[in-house]
Amino acid sequence: MQRIGVFVCWCGSNIAATVDVQRVADAVRSEPGVVFSVDYQYMCSQAGQSMIVDAVKEHQLTGLVICSCSPRMHESTFRKTAQLAGINPYMVEIANIREQCSWVHKDIFIGTQKAITLAKAAIAKVNLNTPLTSGESKVTKRALVIGGGIAGIQSALDIADAGFPVDLVEKEATIGGKMAQLDKTFPTLDCAACILTPKMVDVAQHENIRIISHAQVEEVGGFVGNFHVKIRKKARFVDESICTGCGLCTEKCPQKKVPNAFNLNMDHHRAIYIPFAQAVPKVAIIDPDYCSMLKNGKCGVCAKVCSVGAIDYQQKDEIIEEDYGAIVTATGYNPISLEKYDEYAYSLSKDVITSLEFERLTNAAGPTQGHLIRPSDGKQPHTIVFVQCVGSRCAANAEKGKEYCSKICCMYTAKHAMLVRDKYPDTEVYVFYIDVRTPGKSFDEFYRRAVEEYGVHYIKGMVGKVIPEGNTLKVQASDLLMNKQLHIDADLVVLAAAIEPDRSARPLATMLTASMDTNDFFTEAHPKLRPVESPTAGIFLSGTCQGPKDIPETVSQASAAAAKVIGLLCKNTLKGNPCVAVSDEMMCNGCSSCANVCPYGAITYESKEFRMPDRTTRMRRVAKVNPAVCQGCGCCTVACPSGAMDLDGFKNQQIMAEVDAICK
Amino acid sequence: MQTVTREQLLSKAVSLLSSGTVNRVLGWKKGDFAYDVTPSVFETESELQDSFVYNIFCSANFSKYLISETQKEGRVLVFLKPCDSYSFNQLLTEHRFDRERVYAVGIPCDGMMDTASVKALAPDGLTHAVRDGEQLKISTLYDGETSFPFAKVLPDRCKLCKSKKVVVYDEMLGTNGDITDAPRFEEVVRLENMTEEERYTFWQKELSRCIRCNACRDVCPACTCEKCVFDNPASGVENKAIDDPFEEKLFHIIRAFHVAGRCTDCGECSRVCPQSIPLHLLNRKFIYDIDRNYGEYIAGAEEGLRAPLVDYHTDDPETDAVMEGGQKQ
Amino acid sequence: MQINNTTEFRPKIVAFCCNWCSYAGADLAGNNRLSYPADIKIIRVPCSCRVNPTFILRAFQRGADGVILCGCHPGDCHYTSGNYYTRRRMTLLFSMMNYLGIEKERTRVEWVSAAEGAKFAAVMQDFAQTVAALGESKRLEDLRCKQ
Amino acid sequence: MEKNDIQNTVKEIIRISGVNPKKCIKCGKCSGTCPAYDEMEYHPHQFVSMVDMGDIEPLLESPSIFKCLSCMACVDRCPRGVEPAKLIEAIRSVKQRMQGSNHMKPDDIPALLDEELPQQAIVSALRKYMK
């Protein structure tokens, strides 16, 4: 028989205002097993907790029922208290009389009645609780970082610096991500390449980092501390270990008309190419859709000119299998497609471009060597219109845009406007904004400089439509403050397109069993207190895959995720959730129903000899649960027809006892 | 329809036994009355010659016996009618016995009488009941011999047989049949079309007769648990005798649920029920719901099939949609 | 003894809520002070797939007038697939109970996410009302439990 | 107008139009896209704000309500789905009703109508020109 103590919390007036806590404490005193019952203002406070510890000692309590806030809030607190008092932490049950009682019921009589029932249900359950101990599992001291943008690079570097091996998987041929495509960075205006490429080199040279580029994650199994991952490293038809990145092949290849994705298809490269000068790994790659050798076996120029013999037309995709203790997702973002924005003539005119295209146009390594010219005729634009919030904050049409604010557009548009005015002072620059959002260190000062020092015209209002007419773009917009409709003849229109998570994130989330929000951003375990962890243990979030972010935020989140990973990998073993399924082999039929429904593959079978009542022996197939793998969902317990499977912490009998207590 | 005779089965059994292919034969043993046939294990030729029978009352489904019979030394010969073969596969799927220890001989079947259906024709003094072509000939102490069309007097479960195909065997005697399209859900539909009140009354009338003899459970080839939840004090539903009408419903709902997706619709439950409760209508309801909502499925049609309740599709219909009658076509 | 006919019928309702979505949704309803009838008593289970049909029948036996099962939206299960199994199991179970003549309004499956506090409250309001309108559950009662 | 009347009229406008002016983020894209902007004293975004603030008397007195072409460009392009043209149409309707009589007669409807024309445009155009 348990000796149960019931502790009813007032939660100040949060509970006590609608629940007569004293009556609750009195009403449960005669329940089976209860030997002590008390109420107190703040059970979770230091004083409240020591009250529990003292009561355990004084009354030799074996089980605790805390009538308080949601177990999601303080269950772990009171479990620690129990441990402190010398009883097993799983001998604690919480009756949620705040969120699910006092806060939702206004009548004190009704609230008190319900609180008593909930307390009785918890008592009924504790009567059947048994001490549980966590199983332990080993931690593989290796991390996987998925995505080689600045987020992935920073996470990988930090983890590797702490001494753990890291695999960095990148779907493109080079790491660097979006930041490598940028020209300057706000608010300091240092060049993106100057600060990013040294980091890329650090990654390449780090003894603890292995870059797996042109690759994607194909399968993820296992669990925190013991993930097993299959990575498909796609054929690049160049032997990475031999290629020196001299670039001769990329000059001799006769196929010159391959759209250059790195420059957002604004110019071309050869069928064999190195994405950009500072690419890491600096290794050529063949685009099989354009290479005539791969398509019809004719050519072979690159193989002929390669002095080290790195070209390998026969190269096949390679599957890399590796175990990891932790996984960091850093899958990043893309600008949304603007095809639906006919009013801005994006698909009608070459001179209507996105901000990312603008970055390439002003980048010294870009398709125009940094000369700001119109894509249509190569002339220098004299009037440039920037339109903000294109597809951001759009709630009207899910196909057209995103409901959220993309966060970075205000700042990069200010940067673009400022750079144009700096380099080409005779250019008229208009920025149409809904709001200018500049929270961040030195951000508002930066924006104000664009207006006050550089003379950018910031206009509160939106562009209604852009009509290409001859060589100009007729921009029609409203100026809300002047209460006027404006008509501007622009040479170039730059659209600040909303950003969305990379498409690879959704299938990855499914593989990782990590949850996502409706916009396909990864969900964090807690929006405020655990912002870099996924609710799925062992999965960490880095950069824009979790939500729109600028570079400093991305880097700090990447480092935070790395710190969490390091914290995990420092442990030799992990304590699992002790509430796992257990199979009673005396009752198990070995029918495999449980293994069929187990999402974690935690159940295996073995043949076991059993002595029968008539002294004969019998071999029987019985289920065994691996407690380190089991996550405690309990699906197997219902699939099992014989009831051999039960779930510790939520045993059939415990739940039925709760049902009984509630229905009484 | 070609049927096999006792002599064919007997000679097959004798030859397999004497050649050492099998060590035991699972067959039907004659009883005191014509309809009184008992499943039995024969170990010698003389036992077989003496008491092995095969007639229109050999309806017992043998598959379940294999769980214990395969635990013994050597191999066992089993005769599988179409019904039995589905159960056989289902049990194999669930790893309930070792296939290597069984020699399965498939036999065609076009219906078996049972005690209830023959007693409906001749309530008292039955001396003789044999099949003669398409006729069933019955003699009683009082009336002499009468003839009935065999197909007409069969019990419902055989009239509405889902399949005359033996789906697994090492050797087939006679010609194998095919899956039928018998309208076996008509009765379920009739019940579904009743009002809640009417259904409640119907089942109340049926289930209240339950005496919890456990015959349905004990004969069911899907009910093979090492320990039944109803015998297990720890399960929370343990119950030996019915004390309150609730327990009739609890027992039959839970039993039907436990075999849902695994029940091959062999109808043994209804055959053995001493109170003539149409228990198969519970199982068929599940089969019908599964067919309509998750795709047609016959448990045991192949070894290794994943039962519908340990499987899912992401686009399964929602519970309330099914309850409102919005079924997947 | 005087029979008091004026007391309003208060149904007993058991709500099984999965820990990750629906229980959190109920907490959110609390946080936002969204009221729903006190007749609803929540039992926390790790996942909706933990709910055995036995628990539901047990609840009716012990005098519940309605049972509602809440889980994560399909596709959002913390354990990836638990609620898909729940959906099949409960569809079959509830359909069977209705086949035996138990009022189908007494049982319900709802998907409530951790963000849907308002939905939780609304669903519970509605369910409690529906069950209250049906009155006391008679068809699955156990007289031994009704002393 | 009395304060009460104003409140009721605002409610009526919102009811007729089905528009929730609270959804407006004041970006001005409606006015940016409006082809009749220069004809109007009050512009589409102002209609939304003014209805939201209950400042409807100037709108009811302004010829602007009859200048709206009901071309629906603002409805199409509003990023928040506010639908200013519907609001303007509702104000027109209220104005019409205040005048106490229906100016439309069945005979007045021209026989030839462009089938592509939105229904709302037809109705509002008739209202406008029959004044």
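A few points about this structure:
We call the chains A, B, C and D, going by the order they appear; numbering starts again at 1 in every chain.
Criterion: a contact is a pair of C-beta atoms (placed from the backbone, for glycine too) under 8 Å apart; a residue touches a chain by one contact, two chains touch by 3 or more.
Everything numeric in this text was worked out from a predicted model, so none of it was measured.
With centres defined by CA atoms alone, the chain at the far end from chain D is B. Here A-D and A-C are compared, and the pair linked by more C-beta contacts is A-C.
Chain A and chain D, compared by their mean Cα positions, are separated by 45 Å.
One finds 48 Å separating the Cα centroids of chain C and chain D.
Centre-to-centre separation between chain B and chain D, using Cα means, comes to 74 Å.
Distance from the chain A centre to the chain C centre is 33 Å, each centre being the mean of its Cα atoms. Among all residues of chain D, none touch two or more other chains.
Multi-chain contact residues, meaning those touching two or more other chains, occur in chain A at positions 597, 639, 652, 656. The set of chain C residues touching two or more other chains comprises 53-54, 58, 81, 85, 89. Pairs of chains in mutual contact: A-B, A-C, A-D, B-C. If you check the complex, the residues on chain A that touch chain B are 586-593, 596-597, 605, 618-621, 639, 641-644, 652-653, 656.
Residues 70-73, 96, 98-101, 103-107, 110-111, 113-114, 117-118, 121, 513, 515, 535, 579, 597, 599, 631-635, 637-639, 647, 650, 652, 655-656, 658-660, 662-664 of chain A touch chain C in their complex. Across the complex, chain B meets chain A through its residues 71, 93-96, 224-229, 232, 234-236, 258-259, 262, 306-307, 309-311. Interface of chain D with chain A (complex): residues 23, 25-34, 37-38, 43, 45-46, 73, 76-82.
Note for the complex: chain B touches chain C at residues 191-192, 196-204, 207, 229, 235-237, 243-244, 246-247, 249-250, 253-254, 256-257, 260, 282, 285-286, 289-290, 293-294, 308-314, 316-320, 322-323.
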